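So that you can tell them apart, the chains are marked A, B, C, D, E and F in the order they are listed, and the count of residues begins at 1 in each.
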Amino acid sequence: MKKEVFHGKGMGLIKKDFPEIYEAIVGLNEVVYTGKALDYKTQKLIAVAIAASNSDDRAVEKQIRSAVKDLGATKDEIMDVLRIVLLTSGMPPFVKAVKILYDIEK
Amino acid sequence: MKKEVFHGKGMGLIKKDFPEIYEAIVGLNEVVYTGKALDYKTQKLIAVAIAASNSDDRAVEKQIRSAVKDLGATKDEIMDVLRIVLLTSGMPPFVKAVKILYDIEK
Amino acid sequence: MKKEVFHGKGMGLIKKDFPEIYEAIVGLNEVVYTGKALDYKTQKLIAVAIAASNSDDRAVEKQIRSAVKDLGATKDEIMDVLRIVLLTSGMPPFVKAVKILYDIEK
Amino acid sequence: MKKEVFHGKGMGLIKKDFPEIYEAIVGLNEVVYTGKALDYKTQKLIAVAIAASNSDDRAVEKQIRSAVKDLGATKDEIMDVLRIVLLTSGMPPFVKAVKILYDIEK
Amino acid sequence: MKKEVFHGKGMGLIKKDFPEIYEAIVGLNEVVYTGKALDYKTQKLIAVAIAASNSDDRAVEKQIRSAVKDLGATKDEIMDVLRIVLLTSGMPPFVKAVKILYDIEK
Amino acid sequence: MKKEVFHGKGMGLIKKDFPEIYEAIVGLNEVVYTGKALDYKTQKLIAVAIAASNSDDRAVEKQIRSAVKDLGATKDEIMDVLRIVLLTSGMPPFVKAVKILYDIEK
């Protein structure tokens, strides 16, 4: 899951100008995504859930894309995540995330 | 996972006085926790993640307790959930959830 | 207020592919918008308030549009809602919602 | 609705030590609660909705108490507010607010 | 810091149509930005921190721009603010705010 | 500011059972609190602001206590932070944080 850190324009800027922050985030990322008790895909689905619950569209898209492309999550698995979002966080974050999922699937 | 709905004083009051709301929540709960693409335990861990990310102590406790007691989640599995909370939502919600986990484990 | 459920691309996708979720949401929506103790317009204004307090631009637009178009809410009524948002949730969500209201009014 | 400002230990401390902040809040409060397009009770119910949606227990209790005691809101009216919270913000804030409502009613 | 209130289309609309709200916000703004115990720049950096922690992109941009243009805040000062956001609020709001900072710097 | 990491029961548990997470947090903390462009006290006041804006009572208390005890922040400085919270995040988080400040001052 380390590659994820290296994606994205924001992290590139940080790496160049604030390498010590970049290194700390890499270090954090490594102890977060361990894939030990839970496998990577489950951990990534959890990141999808948190992003969707927070109505953070950009993060939802980034996390769903990574779950689908990098870790082979299926649409039904993502939907099983978003069902929990519907129950715990209400309709607006659920419907927004469903739309993002469908846009990515296309 | 239907039993979850029937727990708790709040839901008892709703069932008695507003049975139509209760029925709608039961109906919602049934389509949320399907255990199909993801099993019940994974879905419950996702509920733990959302509660912790939102810093909702009462929900964190309720969800961790249910994950551990009803679905056999281990401390290491819960910690793998909370690692994602640390990365995506910061230290305060992470540390609070860790404390709740340890209080429940005792 | 049931029509509201049927609006929107997101709900259309859900209806087609996950009809059981769609039915549960319709069931929930029916017990939420009862128009009994409070009339529909007041309930819709409450939905405007929650969306604005959460700084959810898309939901603010959707809810204000529905309040104005479907239920005849006036600009002054919406503003009386947003005044509460200013006091309880601060200037940024208030100013954003006011701009959305004016864009819709045009 | 001005009395509300004068309630509470926090506002008393602010009035004594930071009178200019106190005056600004009083001024704000006056332009917020106008009771013109919407009456006071409706505005107060909106404040209940926002507090409940934000899972702010203390504010929920304060606002429901004020709605019931000062403005004669009924349990069914508060429940019609909380129904919207269930749909837009999910089960945990809804159930918590219902419990607070029942505790106040007793 | 009063000029800030007069910026922005939203506040212009409010001034024209709801002058009493406008005046209350001006009054509030005056007691908020006092520049007494903390100077204006520090207070503005605090506003940057809150906007970034809340993942409110529009407010982040507005506040960083004002910090840099009006109060001479440097990129390193803004980054020292955003470091706290990383620790307390997680990676997504941090990375988004860093990108906005760099877009403004250009 | 490293001592802060070592305070608190939660971090003690993490250090003992998950030393790799503990080390990553220490590493992160070191690159966050640099005291370079902004001094430690200003960075701590920013942490107070974020905690108060998020209505996280426990974090508000912890951060204000640390600002006052460890870094010599005055009541007026904390109040200048909370003024920004009032403007950007509304009355409820502001009043709650003021009460916590006064309780600590006693």
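One rule holds for everything that comes next: a contact is a pair of C-beta atoms (placed from the backbone, for glycine too) under 8 Å apart; a residue touches a chain by one contact, two chains touch by 3 or more.
Keep in mind it's a predicted model, so treat the numbers as computed, not measured.
Chemist: Which neighbours do chain D and chain F have in common?
Modeler: Intersection of chain D and chain F contact lists gives A, B, C, E.
Chemist: Touching chain D and chain E alike: which chains?
Modeler: Output, common partners of chain D and chain E: A, B, C, F.
Chemist: Where among B-C, D-E or A-C does the D-F interface show up again, with more than half of the contact pairs the same?
Modeler: Checking each pair in B-C, D-E or A-C, only one repeats D-F, namely A-C.
Chemist: For the pairs A-B and A-E, output the one whose chains share more C-beta pairs in contact.
Modeler: Greater number of contacting C-beta pairs: A-B.
Chemist: Which one of the chains is farthest from chain B, going by Cα centres?
Modeler: When every chain centre is compared against chain B, the largest gap points to E.
Chemist: By CA centroid distance, what chain is farthest from chain C?
Modeler: It is F.
Chemist: How many angstrom between the C-alpha centroids of chain F and chain A?
Modeler: 28
Chemist: Using mean CA coordinates as chain centres, what's the chain A-chain D distance in Å?
Modeler: Each chain reduced to its C-alpha mean, chain A and chain D end up 36 Å apart.
Chemist: Take the average of all CA coordinates in chain C, do the same for chain D, and state the distance between these two points in whole angstrom.
Modeler: Distance between chain centres, rounded to whole Å: 20 Å.
Chemist: Give the residues of chain D that touch two or more other chains, as numbers and ranges in rising order.
Modeler: Touching at least two other chains: 21, 25, 28, 31-32, 51, 54, 59, 79, 83, 86-89, 91-92.
Chemist: Any idea which chain A residues touch chain D in the complex?
Modeler: Answer in residue numbers: 86-92.
Chemist: Please name which positions on chain C make contact with chain B in the complex.
Modeler: 20-21, 23-25, 27-28, 30-32
Chemist: So in the complex, which bits of chain D are touching chain C?
Modeler: The touching residues are 28-29, 31-34, 36-38, 42-43, 45-47, 49-51, 53-54, 59, 74, 76-77, 79-81, 83-89.
Chemist: Quick one: which bits of chain F touch chain D in the complex? Just the residue numbers, please.
Modeler: Against chain D, the touching part of chain F is residues 55, 79, 83, 86, 91-92, 95-96, 98-99, 102.
Chemist: Which of the residues in chain F end up touching chain B in this complex?
Modeler: Going through chain F, the ones touching chain B are 8-11, 13-14, 18, 21, 25, 51, 54, 56, 58-59.
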